[in-house]
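Letters are used for the chains, namely A, B, C, D, E and F, taken in the order the chains are written, and counting of residues starts over at 1 for each.
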Amino acid sequence: MKKVEALIRHFKLEDVKEALSSRGVRGMTVTEVRGFGRQKGHTEKYRGAEYTVDFVPKIKIEVVVSDGDLAGALEAITTAARTGQVGDGKIFVSDLSAVVRIRTGETGDSAI
Amino acid sequence: MRNLGRRGVFLASLVWAALLVAAPVVAADVGTAAAGAETAAAADAPAAPAGPTVADLKIMADTVWVLVAGMLVFFMNLGFGCVESGFCREKNCVNILSKNFIVFAVSSIGFWFLGWGLMFGDGSGFVGTQGLWMVGGADNSPASGDAYSGVYTAINWATVPLWAKFFFQLVFCGTAATIVSGAVAERIKYHSFIVFSFIMAICIYPVVGHWIWGGGWLQSRGFVDFAGSTQVHSIGGWAALVGIIILGPRMGKYGDRGKVNAIPGHNLSLATIGCFVLWFGWFGFNPGSTMAVDPGAISEIVVTTNAAAAAGTLSATLVAWLLLGKPDLGMTLNGCLAGLVAITAPCAFVTVGASVIIGLIAGALVVFGVLFFDRMRCDDPVGATSVHLLNGVFGTLCVGLFATPDRIGRAANPEASAGLFYGGGLEQLITQLTGVVACAGYVIVTTVIAWLVLKQTMGIRVSAEEESQGLDIGEHGNTAYPNFVKELS
Amino acid sequence: MRNLGRRGVFLASLVWAALLVAAPVVAADVGTAAAGAETAAAADAPAAPAGPTVADLKIMADTVWVLVAGMLVFFMNLGFGCVESGFCREKNCVNILSKNFIVFAVSSIGFWFLGWGLMFGDGSGFVGTQGLWMVGGADNSPASGDAYSGVYTAINWATVPLWAKFFFQLVFCGTAATIVSGAVAERIKYHSFIVFSFIMAICIYPVVGHWIWGGGWLQSRGFVDFAGSTQVHSIGGWAALVGIIILGPRMGKYGDRGKVNAIPGHNLSLATIGCFVLWFGWFGFNPGSTMAVDPGAISEIVVTTNAAAAAGTLSATLVAWLLLGKPDLGMTLNGCLAGLVAITAPCAFVTVGASVIIGLIAGALVVFGVLFFDRMRCDDPVGATSVHLLNGVFGTLCVGLFATPDRIGRAANPEASAGLFYGGGLEQLITQLTGVVACAGYVIVTTVIAWLVLKQTMGIRVSAEEESQGLDIGEHGNTAYPNFVKELS
Amino acid sequence: MRNLGRRGVFLASLVWAALLVAAPVVAADVGTAAAGAETAAAADAPAAPAGPTVADLKIMADTVWVLVAGMLVFFMNLGFGCVESGFCREKNCVNILSKNFIVFAVSSIGFWFLGWGLMFGDGSGFVGTQGLWMVGGADNSPASGDAYSGVYTAINWATVPLWAKFFFQLVFCGTAATIVSGAVAERIKYHSFIVFSFIMAICIYPVVGHWIWGGGWLQSRGFVDFAGSTQVHSIGGWAALVGIIILGPRMGKYGDRGKVNAIPGHNLSLATIGCFVLWFGWFGFNPGSTMAVDPGAISEIVVTTNAAAAAGTLSATLVAWLLLGKPDLGMTLNGCLAGLVAITAPCAFVTVGASVIIGLIAGALVVFGVLFFDRMRCDDPVGATSVHLLNGVFGTLCVGLFATPDRIGRAANPEASAGLFYGGGLEQLITQLTGVVACAGYVIVTTVIAWLVLKQTMGIRVSAEEESQGLDIGEHGNTAYPNFVKELS
Amino acid sequence: MKKVEALIRHFKLEDVKEALSSRGVRGMTVTEVRGFGRQKGHTEKYRGAEYTVDFVPKIKIEVVVSDGDLAGALEAITTAARTGQVGDGKIFVSDLSAVVRIRTGETGDSAI
Amino acid sequence: MKKVEALIRHFKLEDVKEALSSRGVRGMTVTEVRGFGRQKGHTEKYRGAEYTVDFVPKIKIEVVVSDGDLAGALEAITTAARTGQVGDGKIFVSDLSAVVRIRTGETGDSAI
């Protein structure tokens, strides 16, 4: 099983969710994060003093898929989250050694 | 910890016992004094069915006006609370709210206990010496002028009962103490601040008050401060500035090579609410200072007050826009307050046109003030010095510049004359300057002593660790928005 | 669901149709009655250019005062809304705001429809029986005293028009109902609360009101409650306590072996704003209860009210500091309210010194009260019982302790006498105690019935699942701060 | 950027210099005019010790009432600020607060500079032509009726000083401009909004004002709008509607096939606070519009106002509950405001019973209005059109439906007659309809021109990118709740 | 060393923490996240327009344990977090190649 | 490619960001988390009832680096985040099997 972590733009979350769902992904976890990268932050003013907000708001999606579904998930995310502008985000894939569904105790692919 | 707790409880019991013993005495005491003071009014009550006289009706109207105006000024505590907590960080929010809440309670007790007596009691040109304790002197208000007999002569022109006078003056005293709160925020120890406020209410504010409004030497010389640009705002401002310097800046505020770091406040909605409330409250502050329903005067003062606030708002926004590139909301709010502070002294003496000009200048002043104090490394989280000190001084001088000959009579001070731009020459301006300097001197000296004594005894600044974690947990064991716990329960 | 919807719409149409049919009737009805009531005033209007008389001027002054004071009391709804929502969790915030908003609307309609009549209509010592419906009885106010002719005799001493009397009394009724809201928060069903409030406004509050202020048996015996420590606060408090007990504590509040879990409110800024607003509003509540501009009385009442609030603030802070180790802001705020509640009954009858003492005691009481009720496992999220019930009772008794001989006349009740500490003996104290017990009895009995009937019929407590998820989603389908959605759009 | 900065500073210096040159002139100018206007009042001052006459006392009472009521209306700015920012998203919060804060400053200056003159100056039936600039015309207020001599004849019936009249009218003008703010929120450019507000205050509001309250043609025909359902609310509403249509909806608000997406506001606590403040402020708005202490009238108006608000609250809640399945808090709040807007025109002319009915209908109207405007794809983030436009029109017509024969005299307009349901026939209803249509026409035409000119010149809508990121960063370089930075420092 | 990531219900955090502590786990990291899965979200109303909140609030716990402690940790979490209702959550286990304690520079099992 | 997850103190974020940037790291993702460990929480009071906040606020930084940059990144973080007091935090390193840049579709080291 693979864990796919994708950092995407806020307003792409809905699209990415749809794209994944349409490929049969039935679960995912979302976190609000801040990203630092090629996309620049912005400068704010507060009572005359300037400060730079380097970290821009991003959404992190974590999806666990069976090895066979990996390619599809990657394509779904890449397509749905792309705008072509700097800051579209990254996808990171890693291996999982075990998955457990708490409710039933099931493990492995059937727990996803 | 446990021992401390036990000792604490013991201490408390002691204090408590003392209070309970003292209490009836106090009550009895005051009972007599106040009963005396109230006889006139109480005697009126049964007579009321027989119908009031025209003179009674004037007293009724004046009393309602003074009380309602005083309530509006009281409400400014909410305004200050919101502005100051909005401009500070979340981790210090409980602390600032606590300070701003308790400061009025402290002033109420302190000003009642001694402050009023020092300020309005008959005495020398420097301080009141009669009827000092618990507003307990003889007084037959609302009898006024020649009919008055009592020990609070300086304020005998107001045709309202003694307690109405007291209430209106009390809310002003509370305001002065509150100004300090914002300036020293995010690093001062809670209990030291409480003690400092008590000192302000008991012997700093009232002494200057005696000079200006209590028949003291400045009043005799023709110094005029209608509603307190100096008496309330610049006094609060000086005390704040001294506090700022002695406390030093917040950790991380100033970097190397003159770098000024922004420390944004946590909630601009709160700050905006606060500023609206202050604007609202100022309609009690300025027009109420007539302490009588003089229709022409109070109507005009409402408008001059409002015009200066509006002009200050616009000019600060514009100046910030041009100077800093964007219309910073914090500056807009400060501009409004600056206009209000500046018009406070001259509100009754100037035309509406002049008040617009005063507001425009005040709004610009405050923007430059914020930048200036930051360059001086005076770390003032809410801009109290720029708003209250700078514009308090400016507003006081405006009397000497813009007062018109026909309006200066409202000061009821025979020594006062029209301002420079209205043919009055430099005289009044110089008097105003004298007053500004004298009050500054007194407040600086006394507050330096007060702050330093506090520093030596109980300490005034929280530890660096506490400052970094936030005063809410360190001083209060609370957090303002405990959302993580909440989500979990 | 869909069927329900359809049925709902059908029902609505019915209700609507009924209303539209009933409406013109009602309007016509009231038209006549009120037209009668208004004739005097309307007749004055054309005469006005000819200039008002001195008697007219007194009516003018009194009316302005009563209305402004009433507005301030109305504004306390905002204060309660902020305090209560601030002290509750985010997930129930919409629910609490909704309750506190609608409760005044419900009271307004209910008190107009029937409450006023039961409270002030002429009738027996137990309840009013004349002019019951829609304030529709004969009445020639602002004529007062002997000149009065109408069916609301008990309040004929006030020289203001009928609608001014109604408005001032209405805002008090609204307050009593609001007190319950906070105590039963975070678990009560929205519609059951609405129905309960209606019952409060229509037949619980007004009956006690008749006893105390409407010429009923308690008033005849010399029971004195100037602005409602009992009438408003302890009544609200008893109703709240009964509700708390019948509802049971919130899930997770009490653990095994007497463990009390803290459930922190979500927003102390909101709570602090609310408390300032309440303090402000109390300047209408207490001094306004003169319902006339008696300069000496209203001035002194403003000051006693303020002094008790200040003393309560300080004493609760101090006691919490010593007892719990840190100056808890929640306790400071409750201390302020405790002082205000306690001074409400005696505000017109005591010296300023005594009001300081009353405030000090109230502030301590509230801290112990919160701990006590928690030990009793009465789960009161906002401390309403400690603030309103405990101090409502205490304040009512204070009249029997601290009332001075010269001030008790302000009660305009020949049976009333000075308090124990001022040479009046035990008499008044016993009368006060009788009143406290009688009102408690009536409110406990009626609210037990009301709550139990509601429990059996519509249910009063939300499901455990809804409680855990929060009432905002379950009851309203809203969230107060929908930040996740927001970020995404 | 740097160049821009430099150019900016240069520009600023220019503007500044111009101001400083112009200022003394202005001041001098106004000095003279206002001095004239004030002579009476000033002359009174020394006479005061000799005691006021009964006539003076009436002026005193009326002035206090008008000023206090005006302050309450001013305070509604806070209400609007809270409601509107609460109903918008966090990312636009600073922008909305800024708009709502500055709009009153802009109105203050604009209405003083020219608006008042156009509205109340003597002139044609269409617009005032005398005493146009800076309230500078001759005027001997508070002399009234036949004793009046001056150029603001239409308002000579009020026995208060000129500046009191000005202040009370100013706060109304400010309200109209504020209504637009919410409707065009989350997409309009800050500086374009400022300019638009200036246009509203200077030449849209005052012209209609002249027709209705300034002695213009509508007033002559018997059109009656007691406190401004049309003059303030529907005017603001039309301007808002035109703005909404020309600006277009917010990105993402409407989907394909008629889909309406919810864009929840960020803070319902704020919105609720705002609504309470508005309700409170309306007690100045409606009863204050008597501009005199007519006890019978103001008492009844307070109650009709409150009854309509309560009824609107209940009916909107009920309708939303039945129609949408849950009692949506946003609808409850809008229902309250709807009731208040609807009762504004008829408040002085109807019975309390009728005001309940008006409120019930208004509350239902607003719910359907919100759904209707959404279906029309008029994207109004705060519901300003449903509240102010729809119910402003409805309320204006209510005069023609519910006015009673004995109360219509309060309009002091000989042409006005009772409403349809009270035997007055269709006449008044038709007059009211004429007024509604005429005002709509004027406002629609002028605001279409204003918005289109602004669109061509400075642009009115921010870029799509800025809209998506939020206007706070784009327009102001601020964020309302900078929590991430905060946590880090 | 293994990293155990568990998605659980809010009100189970306390129990899970206790369960882990009682097995000797001395550290963990918690994040507020939103989950999408078989458990359905709810519908909210805003001024007449309906919108669905698909993502329900969940808590993510991350615990790093030595290989030997894995089984115990898994059992602790599964037992403590289970209610038996849909939405109890998942556990994901992955391998770590290194662990460092910043304060001391320790690495490996002793750094946990 | 390696994923480096570091749990650090709030006020060290700026320093760590600088340290990583100066070593050529051009991207990172930051999350606000709560940590439980040897560093103790604090006790708060609410209306007389005490409650313990066990979880202290921490910042989680995630940085993906090529295998060659790992050592440098670890050193940068360790040095910049250290105060020597309990609670300085941990670093966890794991392997990634794939990285994708959404904007361009690039994969592998060039996508970082």
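Here, contacts are C-beta pairs under 8 Å (C-beta built on N, C-alpha and C of every residue); 3 or more make two chains touch, one makes a residue touch a chain.
It should be emphasised that the depicted structure is a prediction, and the values quoted were computed from it without experimental measurement.
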Same or different, please, for the subunit C to subunit D contact, judged on whether over half of the interface numbers appear on both copies. different
Report which interface contains more C-beta contacts, comparing C-E against A-F. A-F
Just to confirm, which listed pair, D-E, C-E or A-D, duplicates the contacts seen in C-F for more than half of them? D-E
Find the geometric centre of each of subunit A and subunit E from their Cα atoms only, then give the gap between the two centres in Å, rounded to an integer. 18
Taking each chain's centre as the mean of its CA atoms, subunit B sits from subunit F at a distance in Å of 47
Could you put a whole-Å number on the gap between the CA centroids of subunit B and subunit C? 32
Find the geometric centre of each of subunit A and subunit B from their Cα atoms only, then give the gap between the two centres in Å, rounded to an integer. 53
Any chance you could list the residues of subunit B touching two or more other chains? 54, 57, 61, 64, 68, 261, 263-265, 267, 273, 325-326, 328, 330, 476-479, 482, 484-485, 487, 489
So which bits of subunit E are touching at least two other chains? 11, 31-32, 34, 44-46, 51, 55, 94-95
Residue ranges of subunit E in contact with subunit D within the complex: 44-51
Could you list, by residue number, the parts of subunit D that touch subunit A in their complex? 468, 473, 476-479, 482, 484-485
Complex contacts: residues of subunit C adjacent to subunit B: 54-55, 57-58, 61, 64-65, 68, 72, 89-91, 145, 252, 261, 263-269, 272-273, 275-277, 279-280, 283, 287, 292-300, 302-303, 306-307, 309-311, 313-314, 317-319, 321-323, 325-330, 332-333, 336, 351-354, 356-357, 360, 364, 402, 404, 406-407, 409-410, 421-422
Contacting residues of subunit C [partner subunit F, same complex]: 260-265, 320, 324-326, 328, 330-331, 334, 367, 370-371, 374, 383
Residues of subunit F touching subunit E in their complex? 2, 6-8, 31-38, 54-55, 58, 60, 74, 77-78, 81-95
